[in-house]
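To keep things simple, chains are lettered A, B, C, D and E as they appear, and every chain counts its residues starting from 1.
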Amino acid sequence: MSHPLLQVDNLEVAFDTRDGTVHALRGVNLTLARGETLGIVGESGSGKSVTAQAIMGLIDVPGRVTGGTIYWKGQPIIGAGAARHQHGVWGKDMTMVFQNPMTSLNPLMTIGAQIGEVLQLHLGMTTEQAQARAAELLSAVGISGAQRRLGQFPHEFSGGMRQRVMIAMSIACNPDLVVADEPTTALDVTIQAQILELLAALQDRMGLSIILITHDLGIVAGLCHKVAVMYAGQIIEAGLVDDIFGAPAHPYTQGLIRSTPQLDVDEDRLVSIEGTPPGLRNPPQGCAFLARCPLGDDGCRAPQTLRPHGNGMVACRKAGQPAWEGEQV
Amino acid sequence: MAAALFTRFKAFWLELWADKMAAFGLIVIVLILLTALFAPLLAPYDASAQALTSRLTPPVWHERGSWAHILGTDNLGRDVLSRLIWGARATLMIGILASLIAATLGTCIGLWAGYAGGRTDSVLMRLVDIQVSFPGILLILLIVGVIGPGVWTLVIVLSITNWMVYARLVRGIVSATRQTPYVEAAEVIGCKPARVIFKHILPNLVSPLLTLLILEFTNIVLAEAAVSFLGFGVQPPATSWGLDVASGRDYLFIAWWLVTFPGLAIVATVLSINLFANWLRVTTNPEEREKRFARSLTARRCKIAPSATKTPTKDSA
Amino acid sequence: MLDFILRRLLQGVLVVFGVTTAVFLATRTFGDPVALMLPLSATAEQRAAFAAQLGLDQPLPTQFARFCWDILTLNFGDSTWQRRAAVDVVFERLPFSLMLISAGLGVAIILSVPLGAIAALRPGGVVDRLTTSVGLLGLAMPQFWVGLMAIMVFAVWLKWLPTSGAGSVWHLVLPAATMALAPLARFTMMVRANMIEELNKPYVKTARAKGLSLPRILRIHTLRNILVPFISIAGWEFITALSGYTVVIETVFAWPGLGNTAVQAIKRGDLFLMQAIVFIIAGLIVVISILLDIIAKSVDPRIELN
Amino acid sequence: MSDTTLSVAGLSIDYQLSAGGFLRKKRSVNAVTDVSFDIAPGETLGLVGESGSGKTTVGRAILRRLPSSDGRIIFEGRDITHTSGEALRKLRARMQIVLQDPYTSLNPRMKIGDIVAEPLIVHGLVAGPDEARSVVQDLMDKVGMPRDAVDRFAHSFSGGQRQRIGIARALALKPSLIVADEPVSALDVSVRAQVVNLMQDLQRELGISFLFIAHDLAIVRHISHRVAIMYAGRIVEIAPRADIYSRPIHPYTKALLSAVPVANPAVQRTRRRIVHPGESVDLANPPSGCRFHPRCPLASEKCRIQAPPLVRKDGDRFAACWNDGL
Amino acid sequence: QSIAIAIGSEPSTLDPQLRDDGGERMVNDNIYEALLARTPEGELVPGLAAALPEQLDALTWQFKLRDGVTFHNGAPFNAAAVVASVARVIDPANNSEQMAYFGTIAGAEAVDDLTVNITTTGPDPILPSRMYWMKMIEPGHAATGDIASEAVGTGPYKLQSWSRGTDLVLVANADYWGGAPEIDEATYRFVAEPGTRLSGLMAGEFDVVTALMPEFTSAVPKFAAVAGLETSVFVVGTDNEVTGNPLVREALNLAIDRQAMVDSLFMGYAQIAKGSHINPAAFGFNTALDSYPYDPDRARALLAEAGMEGAPITVVGESGRWLKDREQIEAVAAYWAEIGLNVTTDIQEFSVYLDSLMGSGPRPDAIFIANSNELLDADREMSFIYHMDGAAASNSDAEMAAMIDAARVETDVEKRQAMYGEIQQHAHDLNYTVPLFNLQDIYGMSTRMEWQPRSDAKLIIAEMTVSE
């Protein structure tokens, strides 16, 4: 049987708040094959992190998974049919790198202990074995003096190094998938470049799949095979990187790309998408982008689902029509 | 306007009512406050009127009890209920005054230290340290021993020994708030320090100060009781719950009601305030407040939260 | 490190001196020590002789100079009440106080951590509500009341434990339990609140993403992280207790601690004893807070000592 | 009026880490060293550099929120290096700030109208509430906010809208210089464009000078006339925009530019990235000589010993590197 | 057999000669002895002396000592020990608080090994009573040993151990000259709280507790009450505007229903004072006087006659030092208010109170005191309260002062007795004081204890027995 590595099927997540229920994810569909890198982009609050956390089984009070299923190698791990215990999936086969390297490590545990912990738990190593392996891992992510470093605490590391430690930890058990939620947003450009190189190198070497969540279209362009664009809790466009950057079909994707200033092009004015995304407490029935969309009309009030368009999928009736004046970049 | 106020009150009450214990606490507090306020109207007797012939009458439900003294009489034949009602007045007044004085003093020093920063800050905070290192109850007893006990002494003494915590809190918040961008913005647009403090910084203090004030109030009530217990507190003919417990304790084995009722009054007051303050603390913290709401929803939905079932448990791997 | 300790000790010396001076001024300027110290029927000559003997007839600055010298030479004079060196009295009672406080706080610490942790695991759950309610009740009951009731129940009715006094471990049980009650409540609530806060921190998400079970996260990760605030709260509680807040318990259980002695010293106007007590307790408080800082540093490597 | 709005010469700033005292050495960190630049009226100077390189520190020093340990700040022809008290308060009317985080830079307890009117009131520029209201309405129009916004609180606005409110507040005093400290870093790409466009429009209309601090080289390129690059508390290169982006001189500038990802798969995959090893400088004990030398591929013995001064290389380009034009 | 005794305060020292301290006395009364003793009823009998002393002249008393008595450390008790004991107490360097009892003693000299002469500074008829309070120490131990914590006496009990703060254990002295006592071992525990003492008694931990409140006589297994040394009294300011009027003072005395107070406050464990505040057991007590009747109508009439209806008086007192002090003060104040006086009660902090009582300022209208008479001689009350120069006196009656001075040096027993009777009658007629009650000391005991307590508040273990 050739199951995809990861399949997210119509995932719905809601958060209970005093002012009503926030429908953070409203039917997210994703498929990821082995060795593939998927970028997820979208503006703040569109549900990228929630998606990642749902995949990792980290949705917690006040959130809850209200619908849909996540399959790992064909087995349901979240939603209908999922077993209560998921031995060796989370933390071993599927790991996560978080956005903020400053706070994502336990400040009072040595780096060695934090890496070793995973190895002992999932691979049943002894402390010594785990420490030896941890040292290897640190070297693998480009931290010199690994032996000495193992005994140090996170605050003795710079931001970039901490993110390397996070990555070392995430690849400790030779996972199949690493979910990276904005792994470089908190870092400087030069450091970001180092980390991205590292991720790319690791992927080459280990045949990892990566889900890379980011704001930065440039990162997606450089690193990913496929990209999914999220808006208001849904994926509104997905496809191969070249296709989407070359010819974005959804008006939102078009706007997103056009509003990004370029290093080598002088625009007179940037495209600005006026307005704000809809609130997720009472999300609109139809296209969520309607209120901000230059092409929108009454027909868009009907629910929009992902439909094939070219090589990819788009959730728009007017997919492919240019939405913003001026030339495509 | 009134309608708006009413809706706000209603929203407040609805949220409070969701936590029955806290609501109950608030009701008790209000009742006790009213009792203290209307003591002269409510008390059946003068609190210090004694009748030696009817001393140590037990409460009414006791076989020797009488309706004349519902909660019985004390060792001088004074009506326990009346003393309880008047005692509420003394106890609450001491508590409120001492808390307010301590809070005012502490807040001023905290504001000063936090806003001035630098050397002033460290000098003031050293002062706090000295006061903290001073054996607290010794200081109370020492002062009382030197200037003599009494209601006002108690108020002064309890204020002197309690202001530090306000100073620390306020200083912490002020020096943190000073760093916040909106205060920086206010300074950059040319607000004078007074305006910055009162318009931009002080409002941040209101809710933590209020919570602290409420909690500290209970400490002061307990401290008053303890000091009175040691005989350094309120002196007759004035009365307070602490004093009543103290003077009733000698009769514990034959007249349990002397200690029990004022004791219960203290417990009820402090407990109610704590219950309410506990709720208030959560309510003033937006994050906690959301969680509380979600949890109660989950509980009401009568099923285990989905997330709970999905918690990875690798215990037996 | 050494530099830190030295600096703190020096600061401490100043604090202790300030505190003791405050006592000196308070007792010399507001009251008449001689009247307090002599029996009711003492004659005027006796009073004068006594004042002269203690140097109380000298002008205040002279007295103060003498006082400063005495402090410097750690000479606190004789307790007029016990007729022996005041420091001896203090050091004789101090162990009892320390025993009571350590036992009480020890119990509170040992019980509060699991209780608070369990409550934090399921906020709003049964255990949580129960511990919170019981805790609040524990905080609301005046200590002397609890003490009297405990004697009634456990000593008079059940006859399990001695009513009062010191001498054996059994004598310690009731006072220590009474002493433990309020700190236990405070510790539990503090552990619960900090635990909940800690569980919200990003590193806990990391730990969960690593596949660790919640109990393990609690045990290995968060527990250590709440240790620092816990140490400071526990230390604070220790200091408060040391500064005489056990006196009520000591009175109720006839426990021969320093609190009672202090009350006696004040009641009897025993100035020298009073000064010695204040001095030694303030000194202890300073030392303890330095120790606390060092312990905190050893738990949390991020803390800088300055 | 002089032809430069702001002129900074040889500015150095130290942060006190701990006050000196008994048995304790004074410790301080030299966050900004010998920084000089000018801003002409109506000009935008972009200030870029990695985190901790001292950008904010420079901005705050110009606004006189920090004492400078060395150097001079000349604003509109007046030396304001040591202005303080009431004079400083007056000065504040002429230079304003827009802060990075639109969520925390507005007092959550004040209505938008009051926030924007506050500078007018504290400087006594309006006679009464009615006048304040009409001025505020004008400002709201100017920054493209709905008029009814004045009666609402900050939390009901999105990040972009809040940033516009922040700009309106800064504009209220009709300043000649606005220090914008990463005004768009916290905003989403689509919203970022709104704010950037607004700032450009305002500059054209009102002739305001901007010191525009940012991480994002692409945005800086879009909005600035000239760009200064900071590294470890020093300006390593300062030049007109076109020069910086097309012909960078300093190795750090080059590395920085090459590290910026470009949102174009074809380009991005083939770009030659100069990835320098190592991390940013610890300012508490900076390396000797050129502060970039430990990471610099071209570093020579000279770089290790002597810090290169910022010198004119050609045209309006200044750089601080011993390796000429490489 | 061993018993446990709970006392209110731990001895501050075991030196028997320095402090006037209840805790110390409770212990040392069993370890040390004096030359004279008293029967439980209060009669002076020979103690370490072989017989009652003989007065040689106005200033000299001769004591013959008991032969063959040794101290616990084996040293003999002899004239040298007596001389040393006397010298040590009165040595100003020792600043003994007991000088209140021994102020008149000039010194002692040994006549032979078993005879001592004690001299006084002036004629002192009550020297024998004083010697009842002077404990005899072992000179060698006092000089070289640690007398403050190691007691060496001649008494029926020896100190076994004293763990400060915890307990103090006495064991029977098998070599006691009066025969070994019945109880072998006595453990003292120090419990300040009356409630806690009581609970210890009820829990069976203690066999004897001191200072039981009258209310608890019904709750404890067993108790014993005895007339004590203390008499409560209001001293009235005779030079004050209102209380200067003898009619008012009489009214004050008639206004109080003493019987009701005895019944309710003291549950009967007090005697109404017989017209004066002299202890009935004391030498010089005037048995002819009767207690003031309760006659509020007459009191009101007297007030009316004096034109003092509604006149303001201030009642001064303290709280917590004597048994039910505040209750007595407040009850009396209420009675006085009832007959139409405008009463202000002023409960003062103790040092302030002391100043009111003995300071040089104006005398209060009425001040409460529980007067204690350890020497059991009327001289105490006479010189402290009745004599116009007395520390707590509120009158300026020079005639009475002269009578007191005369009585003090009168060595003829009969004459002295008569003089004191006369003075009391005089003071009674003029209502100088408002005497209230002779208080009783109540002791709680376990059921197995057999003991009749003594009126001088001494806790003599040798007088106790245990039934088992």
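Here is the rule we use: a residue touches a chain if its C-beta (ideal position, glycine included) is under 8 Å from a C-beta of that chain, and two chains touch if they have at least 3 such contacts.
In this text, all values refer to a predicted model and were calculated from it rather than measured experimentally.
Novice: Identify the chains adjacent to both chain A and chain B in the sense defined at the top.
Specialist: For chain A paired with chain B, the chains in contact with each are C, D, in label order.
Novice: Count of steps on the shortest touching-chain route from chain B to chain D?
Specialist: 1
Novice: Please name the chain that ends up farthest from chain A once chain centres are defined by their CA atoms averaged.
Specialist: Here the answer is chain E, farthest from chain A.
Novice: So which has more C-beta pairs touching, B-E or C-E?
Specialist: C-E
Novice: Using CA atom averages as chain centres, what separation in Å is found between chain C and chain E?
Specialist: The computed centroid separation for chain C versus chain E comes out at 39 Å.
Novice: Distance-wise, how many Å sit between the C-alpha centres of chain B and chain E, to the nearest whole number?
Specialist: Chain centres of chain B and chain E, defined by C-alpha means, are spaced 47 Å apart.
Novice: What is the distance, in whole Å, between the centres of chain A and chain C, each centre taken as the mean of its C-alpha atoms?
Specialist: Roughly 53 Å, centre to centre.
Novice: Indicate the whole-number Å distance between the mean C-alpha point of chain A and the mean C-alpha point of chain D.
Specialist: Centre-to-centre distance between chain A and chain D: 31 Å.
Novice: At least two partner chains per residue is the criterion; list those residues in chain B.
Specialist: 249, 252, 291, 295, 311-314
Novice: Multi-chain contacts in chain E: which residues touch at least two other chains?
Specialist: In chain E, residues 193, 195, 199, 202 touch at least two other chains, as defined above.
Novice: For chain A, what residues touch not just one other chain but two or more?
Specialist: In chain A, the residues touching two or more other chains are 88, 90-91, 121-122.
Novice: Touching residues of chain A toward chain C in the complex: what are they?
Specialist: The touching residues are 53, 56, 58, 88-92, 95-96, 98, 100, 103-109, 117-118, 121-122, 153, 155-156, 166, 169.
Novice: For chain B, which residues are in contact with chain D within the complex?
Specialist: 118-119, 122, 180-182, 184-192, 195, 199-200, 203
Novice: In their complex, what parts of chain C are in touch with chain E?
Specialist: Per the touch definition, chain C meets chain E at residues 31-32, 35-36, 38-43, 46, 49-50, 53, 81-84, 92-93, 96, 148, 151-152, 155-156, 159, 162-167, 251-254, 256, 260, 267, 269.
Novice: Touching residues of chain A toward chain B in the complex: what are they?
Specialist: By the definition above, chain A touches chain B via 15-18, 57, 59-66, 78, 82, 84-88, 90-91, 121-122.
Novice: Once bound in the complex, which stretches of chain B touch chain C?
Specialist: Residue positions touching the partner: 21, 126, 129-130, 132-138, 141-143, 145-147, 218, 222, 225-226, 229-230, 242, 245, 249, 252, 259, 263, 266-271, 274-275, 278, 287-288, 291-292, 295-296, 299, 311-315.
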